[in-house]
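The data blocks that follow each hold one structure.
Two complexes come next, and they have one chain in common, subunit A, joined by subunit B in the first and subunit C in the second.
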Partner chain A sequence: MPPAGIPPSRALPLKESGLFKEVLHYYEDRQLKKGLKTADAILKKFPKHGETLCMKGLILTHMGRREEGLELVKQGVRFDLTSHICWHVFGLIQKGQKNYEEALKSYTQALRFDKDNMNILRDAAHLQTQLRLYDALVETRHTLLRLRPQLRQNWIALSVAYHLRGDLAESKKVLEQFENIVKNVPDYDVEMSEILLYHIRVLEELSEYTEALALLDTHAKSRMIIDRVAIMEYRARILSKLQSPEAQQAWQGLIEQNPDCYDYYKGFLSSRAIDLDAVTDDIRPGALQILQDFVQQFPRAAAPQRLALSVSTGEQFKELVEPYLRTRLQKGVPSLFTDLKALYRSPEKRDAIESVVHALLDTLAHAPDAPCPSSIDPTVYIWTLYFLAQHHSHLGRHAKALELLDTAIAHTPTLPELYMFRGRVLKRLGDPYGAARWVDQARLLDLQDRFLNARCGKYRLRAGLIDEAVEVFGLFTKKDAVSPAQDLEDMQSLLYLIEEADAQLRNGNHAMALKKYLAIQKVFDDFEDDQFDFHGYSVRKFTINIYLNLLKWEDNLRSHPAYVHAAIAASRILVKLHDDPSMASAASDSHLSGAEKKAKKKAKKAEKKVQEEAKKAPSSTNEDKGLEATAPKDEDPDGTKLLQAPEPLERAAKLLKPLQTLAKSNIEAWVAVYDVAIRRKKYLQAVQALHHAHALQADSPELHVRLVDFKRRCAPNPALRVNMFSDTIGPGSSLSEKPDESVATVVSAFLPKLLPDEMSLEAYNSQFLQKHSTRGDAVLAAAKVSQALGAPREEVEAAVFNVLNADVELDIETAVAVDAFLSEIRSPREEEFRSAAGERFALSTVFVPHAKLPELRKSALHVPNVAEEKEEVIS
Partner chain B sequence: MNIRLARVDDLMGMQACNLQNLPENYTLKYYLYHALTWPQLSYVAEEDGKIVGYILAKMEEDVQEGDEPHGHVTSISVLRSYRRLGLAKRLMIQSQEAMATVYKAAYVSLHVRKSNRAALGLYRDTLGFTVKDIEKGYYADGEDAYAMRLSLKDLAR
Partner chain C sequence: MSESRPAQPRVSFAAVTPNNLGTVRKLNSVLFPIKYSEKFYHDIVQPDVEDFCQLIYYNDIPVGTMCGRVEVKDGQAKLYLMTFAVLAPYRSRGIGSQSLKHLIQTTAAHAKPKINAIYLHVQVSNDEAKRFYERHGFKEVGLYKDYYKKITPHDAWILQLDIEQKDAAGGNP
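Let's look at the complex of A and B:
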């Protein structure tokens, strides 16, 4: 007879019941093979025993037989819907698949049948945290504390749960209760120290500064808090908030501890009522005096010297900047210009720096061919030239910069920085091929340096030399990786992924570009998953302060520029794909040159070899592969499948979703959101996106294009037409599905604020053009609009050629966009434009005739012989 | 250059910096593990929000019998264009202080590639480390490592 309450289908005879316990033990000891055998023994007699089926499925999953395992688990759950073991196993598997929502549902089921199971409760708490379900989290943590009040972590975890829910007062209460009952704290208990610091943070966030300070002082004195830097930082910060006269001394202590930390100076000055970010003339002398005193006290610290440059003006600045520059040029500090660049916001400071450095150069200059006179330190000479080259290039005087660099390189041909910067100047001039060649030369001067190597790879990507870039990256990636690109992706190198994706896009390979942008999305997904283990770990380690910072960081993760860029760029490709589905079926290799195809074949072969070798490696069948699926092998090496996947717009919308809260001030993001929303017929969202964009930059050319687009797409709707549109509409503007009336009402309420009501779109467009006729990007936008409105091609071409007029501001980027537009509308005048643009940007190479591109690309790889004899080695 | 304690939002910058400088790279989770286990030990050098140098440090977790608690530098590097500012030394000093005061570390250890003369010079001549041992084939590519050490006894308080 089964014990009461156990359904007959679950009850096993004594023998099998013992076997089942063995299965559990084997699983816990990760003796998977034995566990499997034992489970099979039970199933032989009781093939429908749900719990055994689930355990077998779990074991198989650990052994890497994932699909089979999952199937068994599902079966097991079906056979025994009221078993907490079945639901727990199902939850474990779902958690392993990172399907946190479903996992939590399973755990909730499991808890219905075993409400006090600590393991399940703890796992549920982690899932609730991951999903930010803080009300439920508080409840779970309460239950855990009730079950085991003797565990420190259960108290802290409850306090954290309240904190996350925003209930600081409760959080504080729990900590106080905990501290009242805690006993036998050993000396030097790092954990207790962290808990107390957390308590002080809670008080600080409650603005209970006096209490916070008292708690801090008590426990600092008793040495319960042992993190000295934290004590000092908390103390200084809280004293400042209390506006206590003691604050100054506290900040002074921190500066002594670390005289290179800007925050400490800022804190010190604020205790003297000086805001370092807004120094006014009447407090300037006082602020400067304080900083000068610190310079005296800490002559080796750079921070006070540099801060004094920011604060000082006029003659005083000149006096200070001269020795600052001189000592660093003598030392050969490569970052000197980057360090001072921020000061250039003040023209006065900029000019002062220029005259100081030029004066210094005058004392060093000598005939270019003559050897350096012994009175002159060649190092200072070179670094001075290097500084000035950066200075002039920054101010747009690229020719001058090149001249200075050539002098420097003739003098010292062995310093990589000179070559790297020469490459950078060429890049700014629109010559990515020359740039790549020069940076490669820098790399060859120090083959041991990964930094130079990475720069070289990046510049090759900028020149569209993708295989060659990967080859050079491969000199530093892991030798046993499938490929250099895979290693960089596995190591989450966003720098590489972004550059390669952009390069693929410029080369017209949408499939590969999309693949790399989505690889970036995957990196961020992984970053999001990374926090999961810490929900349990940090509470056990009591590193609560930094854990709370982790959660906050995770919540804003996708505001990172790499994600924003990738999401927008990928969404553009997906929108293009929606507009022109033939893109997906177009031969994906058509754009590859013969050499590229060959290289690709070679890479594929190498990849195959690595995989075969991996297969040969001995593998024990008992090996635990864990619950998380390992990365499957790349089934889509050229991204074609990604391009062919269904529902491009839905995928784009998903990518862009986080930007609507995390990249609110990015107009490109709103434009991208609009482009997707309007095609998904989400009219309200489209209008909102336009509104956001409008608020950010009302005269944005990209927005102009979208406003017209929107009006054209909505216009045939009678509901809208009556309200707002009186113009006739060009061809191709009708939609199969129009906004329904309620949406139309909202739209009609919003749109007139963005777009004048009683005006034809043509007139609206020419009005925009007139207003911004001297802006290259606006001229291009207006031409795009008139093309969309059905103007004849010749007219559109003539309009866009206006960017070349003398009174139009045109940068290389816009000229490249113009060229791309001409190519898109298959203009016969494209080469004419390229030739004219090439003349306008005399040192550029991006506008050479298409036929010459292969030759140029080759030239980017050709490195002239570096001078063999190394005269003066400076590095 | 601003030298300060590493925060969670610095870790991606540290990872990027490491990928540009060194052949030993780690996924972000490893940085998170350091920061969330020993939040006092890792420092960054930062300019206008960009991480230009870092020290990623920890305490040794399985201290052998007879050995004392000690810190370990998992990775330290400074971008090439930010060298000669003494950043590595400044970062190291801050981390060492924390190892000694928070965890009572008796010494700090690190590994360096036998071929990396520049780093060896920095650790030995500038920071006062001494070579304790040579670990054969320590690196993934088979290269040997110098195991180096620096006593922190005079920092403990």
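Let's look at the complex of A and C:
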């Protein structure tokens, strides 16, 4: 007889019920083969037994037969909707698929039928943390603590849950209760030490500094807290917050421990009422004196010397910077310029550095073809030339930089840094092909240098040499990977993905560019998923402090420049696609180069091999493949399917969503948000984006283009104007027929703030142009606007050619954008512009006639061999 | 203001490998009026000559190279020094001497095969080089008529240093 409360469909006879227990047992022990066999034995008699079906599905999933497994689990759940086992298994599978929302729903179901199941509760807590559902998390942690108060981690987990919810007082209370009842803590217990440090952190965040300090001192003395550095750091920080006179001594102690930590100096100075980030003339002498004393005390530490450079001004700066530069040039510190670049914000310091280093160079100069005088070290001369080349190039004096580098290379032709930087200067001058060639020369000097190799790959991508770039990247990727590109993607190389995507875009291959940008999005999704394991691990191991930092970092993950760049660039492609759907069908094999086709074929072959091997492997091994799906094979190697996928705007909106909170100060992000919102008819969001952009930079040319665009879309005629407000924000709103008055009101209230209501757009545009007629980017923006307003092409062309006027500031990027615009409107004057721009930027190669590009690209790969010209040959 | 004393210049060596061959090519191209064949570059990266094919570094920057090959004739092994030079600005600071001493030591310590002598060619116009080798015990043992085909003068001295055998392990001068 089945026990009461068990539905008849679930109840099994004694024998089968024993078998089912065995299945569970085998699964726990990962004896998958035996588990499967036993499950089949039950199913033979009871083919509709839900729990067995679910277990079989789970086991199959672990064995790599994922689809089959999932199907069985779904079936099992349907046969037994009130079994916690079925729902738990379903939740496990969904969690494995990283579908956290659905997994949590299944767990919630499971808990309805077995509300005190510890395993399910714990898993649910992890899901709630991952989904940032902190109210629910507190509740789950409470239940767990109630069930098992004797487990230390349940107390801490509840405290952390309160903390995450922002309820610090409760968090503190839980910790206090825990500390009152905890017994038998062994000596030097790392876990207890971490818990106490966490407690102090909570107090500190509550601004209860006196209590925090007391707790710290008590437990430091009793040796309950064993992290010595943490004790010192916490102590110094809290004393500073208490404005205690002891703070200074505490920071001094830390500096003695590590005299190269900037934060310690910052803390020390703050204890003397000096804010290192805002040094005024009043406190400058005092601050400098303190730093100088530290320099005396720690002559080998760089931090106080460098900080003194930031703080000092005028003559004093000159006095300090001279020995700073000299010792480092003598040592040959390649990163010296990077170290000092931040000082260049002050023109006075910049000029002082220039004069010091040039004076130094004068004492070092000597001929490259004779022995250097014994009083001079030739390597110091080289590093000085290298520094000055970086200095001048940074300030836009590229010709001077090239001259210095050529002098250095003639003297010492074996230093890769010189070639690399020469490449970089050429890149800045608009010669990506020459740049790639020089960086390749650097690479050839030392083939085992990964940095040189990666640079070379990057520069080849900049020159549009995608296949050749992948070839160099491939020198350092895994040899058994499907392709170097795939390996780099698996290794989450953001540098490579960004550069390749940009290169594809420049080459006009939107499909591949989109594919790579979305690969970057995927990398960030993975980063987000990666935190999951820590929700369990960190609480179990009591590494709470670092765990809380991790969660904070994850919440700001997508503020990373690579994500921001990829999201904006991908959204632009998707917007283009929306405006011109024919782009998707045009994307086909036709624009694949021969090498790309070859690579594709190769990839296909490799894939086939992998599949065959997978087939050969016996399917009934005991090997546990885990619940997480392995990477599916690439069904869309050239990105065409991505380009053809429906709803480009919705996809773009999803990509941009994180930027609205994480990249608020990025005007490009707001412009991108506008471009998507306006096309999705989300007028409120569009106007908001314009407003944010306006607040960041009111006279931005890109914003100007959007403002006019917005007005045009809103008000071509009054009838349309009413019509457009029939959409409100929010899903499903497009069904509503009624114009939403409130949206219309907000928009019409905001719009006049951004651009005048009574002026014609043409007049508004010429006003903008007049105001910024000396800015190349503004001239281009105005031309774009007049084109959009229907001006004849000749007029638009004439307007845009004004960027070449002598009084207009024009940089290479803008000139390239002008060229792209002319090409977009199919201007017959494009080549004319290119040749004019080529003259303007004499050392550039980006404006050579299109016909010459293939030759240039080839030149980027050909490193000249000087030896070839010699007569005498020795074999 | 404290100041760290300029560090003593460091001279160090590293074997020529396929990876740093580009540096050797670069040095050869500026140091010698001669083009070396691909066979030359192939031979100098072989593991059995790595003791004799070295890059010379000064403060961690490659400034010179020396490449030799072992020639066995009548049971006697000799090291033929094919190339040896330091970039012009780095000369007259003892780098060459240190390098040659290093090479002589390594050669003397070499066991399989034991090497009896180091020899090399110097163009007859290059008195300075000849004196340099003589300072390190090399002696003129002959003249190679028309050693060079294109550059003048065509003739080359043959300079040789007989190696006193030491224990294979010993490297003390």
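Keep this in mind: the second predicted complex is superposed on the first by the 803 of 875 C-alpha atoms of A that agree within 3 Å, B and C clash if a C-alpha of one lies under 4 Å from a C-alpha of the other, contacts with A are read in each partner's own complex, and residues count from 1 in each chain.
By our rule, a residue touches a chain if its C-beta (ideal position, glycine included) is under 8 Å from a C-beta of that chain, and two chains touch if they have at least 3 such contacts.
None of the values given here were measured: they were computed from a predicted structure.
Once the two complexes are overlaid on the shared chain, A:A677 sits clear of subunit B and of subunit C alike. Legend: residue contacts after superposition of the two complexes on their common chain; A:M491 is shown touching subunit B, with no touch to subunit C. Contact with subunit B, but none with subunit C, is seen for A:K541 once the two complexes are overlaid on the shared chain. By the document's definition of touching, neither partner reaches A:M55: not subunit B, not subunit C. Using the contact criterion defined above for the overlaid structures, shared-chain residue A:M63 touches neither subunit B nor subunit C, since it reaches no partner. Ranking subunit B and subunit C by residues of subunit A touched puts B first.
When both complexes are overlaid on chain A, the residue A:K331 reaches subunit B and subunit C alike. By the touch criterion defined above, A:P299 lies against subunit C but remains apart from subunit B after alignment on the C-alpha atoms of chain A. Looking at the shared chain after the overlay, A:T412 reaches subunit C, while subunit B stays out of its contact range. For the contact definition in use here, the residues of subunit A common to its subunit B contact set and its subunit C contact set are 300, 331-332, 448.
Contacts from subunit C toward subunit A in the complex involve residues 1-4, 6-7, 9, 18-23, 25-30, 33-37, 39-40, 58-63, 82, 87-93, 148-151. By the touch criterion given at the top, residues 295-296, 299-300, 319-320, 323, 326-327, 330-332, 366-372, 374, 377-379, 381-382, 411-415, 444-448, 865-868, 870-875 of subunit A touch subunit C in their complex. Per the touch definition, subunit A reaches subunit B in the complex via residues 188, 190, 193, 226-230, 257-258, 260-263, 300, 302-303, 331-335, 338-339, 342, 417, 448-452, 454, 476, 478-480, 488, 490-496, 526-527, 530-531, 533-534, 537-538, 541, 543, 545-547, 549-550, 552-553, 560. Across the complex, subunit A is touched by residues 1-5, 7-9, 12, 15-16, 19-23, 25-29, 32, 35-37, 39-40, 47-48, 52, 79-86, 90, 94, 97-98, 101-104, 115, 140-141 of subunit B.
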